[in-house]
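As written, the chain order gives the labels A, B and C, with residue 1 at the start of each chain.
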Amino acid sequence: MSTYITKRLIYTLVILLAASLLIFCLYALTPGDFISGNIKLSPERRAELRAIYGLDQPILERYFTWMNHALQGDFGDSLAQQQPVLKLFKDYVWNSFLLAIVSTFLTWLIAVVIGVVAAYKQYSWFDTLVMIGIFAAMSIPSFFIGLFLIKILAVDLKWLPPGGMMTTGSNATGLAYFKEVIHHMALPVIVMTLLGVGSLTRYFRSNMIDVIKQDYIRTARAKGMSERKVLFTHALRNALLPAITLVGFELPALFGGSLIIEKIFNWPGIGQLYMQSFSLRDYPLLMGFTMFMAILTVIGTLLSDLLYHVADPRVKLQ
Amino acid sequence: MTTVLSIEHLSTHFSTEEGTVKAVDDISFQVRRGETVCIVGESGCGKSITAMSIMGLIEGPSGRIIEGIIDFDERDLLKLSKHEIRNLRGNDMAMIFQEPMSSLNPVLTIGEQIVEPLIIHQKLSKKVAHQRAIELITEVGIARAEHIVKSYPHELSGGMLQRIMIAIAISCQPKLLIADEPTTALDVTIQAQILDLLRKFKDESGMSILLITHDLGVVAEMADYVIVMYSGKVVEEGEVEALFNHPKHPYTQGLLKSKPVIHERQDELYSIPGQVPSPLELTPSCYFHDRCEHCMSICKAEEPALKDIVPQQKVACWLYEEAVVHV
Amino acid sequence: MSSMSRELSTQNNSPRIPVRSSIWKQSFRQLVRNKLAMSGLAVVIVMFIACFVGPLFSPYSSNRIHMNIMNHAPNARHWLGTDALGRDVLTRVLQAGRISLTVGLASMMLSVFIGALLGAIAGYYRGIIDQIIMRIADLLLTIPSLPLLFIFGALLSEWKVPTDYRMYIVMIMLAIIGWPGLARMVRGQMLSLREREFMQAATVLGLSNHRKLFYHLLPNIVPLLIVIATLNIGGAILSESVLSFFGLGVMPPTATWGNMIDAANNMLDFQNRPWLWIPPGLSIFVTVIAINVFGDGLRDVLDPKKKR
């Protein structure tokens, strides 16, 4: 077990190192930067700034400098905001997390319940309806459904605010603050849930259908157990088991924010921060973000793997 | 002897894309107390579907019991509510299956799976049920029961798992145990042990066994009474001695002839010519007619009824109908 | 007892329902019976015909500017209204569909080709080749795809790639993002297939590697590939639309469904002229849902493990 984990960890680190090099080179290749994008600067001032930020050095040298700092927990300062990248992440990440955790929870809840019921009533009209809903949810362009719902629910009907986390100029505190945030997050949460629920429901439905056909379900019925017990103690456990691997894969989405949704709904999360910085070519922040996502991805994968081994009694680590 | 199970005119059909399959087609038989009845036949002859029909495990919407009476312990199972039949399942009638490896839930421990019927039917507390589970494991001949109770199915061999299945089945002292090919998936030496175990429990408790098999060796070993099925029909039934010594139906004769007998080696083993007809293409006839060496014109046109020929033996074959003129 | 037990030998090995035709024909027949899948296919075909043939019958040339009919709401002459330059929106939606559908289809084919080839090679030859291919795939899968696509898009803009060529480069970008997942799956299939009995039989027969790979292994994963490929078209269309919406994919004046929705970034158009951005959005939705429904029907027929 421990040798397995050690091996996995080493491999993970190697992949991350390679990813960091790739990310760095990609951003370094991207022509134009924050300084040359600012037309107010004189050529002399530009050269000066370049030297300050080390942009006149060769790529590899810049990579090692960056990496060296990164290993010490310093991803540099954002050029546009003149603040450490990590501090900015800290300021924004919880807003992203709030949105993500609520919608992830809703997505899983809805997917499990609907998936189980649809599988149990396979081929019924309910199941057909669910299937159509699943396909619809899987086929929606995320930015379009965001815009569409803003147009209908916020602009036309004025039920919900079109974006942001707080009403502009509001300085509500306490309970009023909470209510305002909930009011603002309703629309993005609806959209994110809608986007995620299709494939997950389908996943649970098909898992459950496979499980229901198994011999041990027949055995459980032959023992005289009630259908509810058969379904929820015998079948659901087996259907949920492979889903444990998905928990790890949710990790990047939980902390990394959603670029598209946060941009559309003007939500002050880490994804929107990225989108803003992208148009400004604020490289330290962009690299920091991409690296952050890569780290979350590999940790998530590792986590999935370990969780699966812990959860399934059949799988033994070698 | 009193009758535990009496089946009358049972028909179970499955609707498929190609048409209706009459998996079980108007069959009747009885199982008496303390008796072992074997249903024999090739795969697809409807023997397993018969078992599932009795247990109320036919799954809709494609499968449906069309008509008939399943009289168990003086109650017609087909008239009971789902709740009532659930109270019988695993309690008064229990079942074990062909594949012990896949018949136990892989994510639950052996103990968790044994205690379930004890808690549901016998209303035992968790603690008492757990103790009883350990006793049951010991009774089915597995050592270190305290350890086994905590293990998962994948940690046990097929033979052990089938013993566990038997432990679950007998846990509530059922009146009837249905065993659907209980030894088919096991090694030959293990097969004998499992059969011995079943016989031991039958003798101890006086329960009846409905044993479904295609293995004539198992039949010879276990049966008091034999029912031969072919294409969803009972073609012959009788006491095991009579049936083995004097098979009447050409199909039964073929089955027995195709069984190798030691010391009587033949150059070529007998096999019944032809194949089982497609269940979708059946017309009123004796379904065995195109494989039968005694086929007559009436066999192709009309279905023979199951009739007493000699005491304790019934056969459905035109050869034994006196009214028919042999052509 | 053991000497007595023997299975009933009644020459019952052949299936009872005679095989009437090849597996492909049978699958096709099964597919035709699936009403949902067939309606999906019908929608896809109608969409293709409308986009590729439709504009030829439109009386409005898409790129001509008409100052006198700017921003008209949908009416009898312009069913979906006109945009800020007086162009007929319906004609533009159909022409945008050409690009979106082409990009979706082409990038799918490219990524399936790369993914299947590399995955098959990795799974078949194993060893060092496998290591190299799969490590690259792992690396690409580690970096989130949207930032990766954004960087590529930004590169395109900075390199001043002519707009006419951008769509081809967008295809390549999407293929680069798409192949690793596919390769991983094909490799997994190959690894399990090569352990099967029929491959051992092929080895016993002394067949060459090349023959084993192309005649015995690849045909076995073709059904799965067809299913994945179909479902991937939808994904590629969605990705393209996101990129183009953010101005990093195909750029105006070449219209795609994605960059037409860009109109919604203008407050006035967003609030008052929904006919500019809702039709392309609905087109994406309808096309992708139809492809997904059809792909799922295909999966039911071709992938025995995933039977509903």
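The criterion applied here is as follows: a contact is a pair of C-beta atoms (placed from the backbone, for glycine too) under 8 Å apart; a residue touches a chain by one contact, two chains touch by 3 or more.
In UniProt terms, the chains line up like this: A, C = Peptide/nickel transport system permease protein; B = Oligopeptide/dipeptide ABC transporter ATP-binding protein.
Here the structure is a predicted model, which means the values were calculated and not measured.
Relative to subunit C, the chain whose mean Cα position lies farthest away is B.
More C-beta pairs in contact connect the chains of A-C than those of the other pair, out of A-C and A-B. Distance between chain centres (mean CA atoms), subunit A to subunit B: 54 Å. Our note on geometry: subunit A versus subunit C, Cα centroid distance of 23 Å, whole angstroms.
Residues of subunit B in contact with two or more other chains: none.
Across the assembly, subunit A contributes no residue in contact with two or more other chains.
Of all residues in subunit A, those touching subunit C in their complex are 15-16, 18-19, 22-23, 26-27, 29-32, 122, 131, 135-136, 138-144, 147-148, 151, 155, 206, 209, 252, 256, 259-260, 274, 278, 281, 286, 289-290, 293-294, 297-298. Residues 36, 135, 138-139, 141-144, 146-148, 150-151, 154-155, 158-159, 234, 238, 241-242, 245, 258, 261, 264, 270-271, 274, 277-278, 281, 284-285, 288-289, 291-293, 296, 306, 308 of subunit C are the ones that touch subunit A when the two sit in their complex.
Residues of subunit B touching subunit A in their complex: 55, 57, 61, 86-91, 94-95, 97, 99, 102-108, 116-117, 120-121, 152, 154, 165, 168. Within the complex, the subunit A residues that touch subunit B are 123, 214-216, 218-226, 234, 237-238, 241, 312-314.
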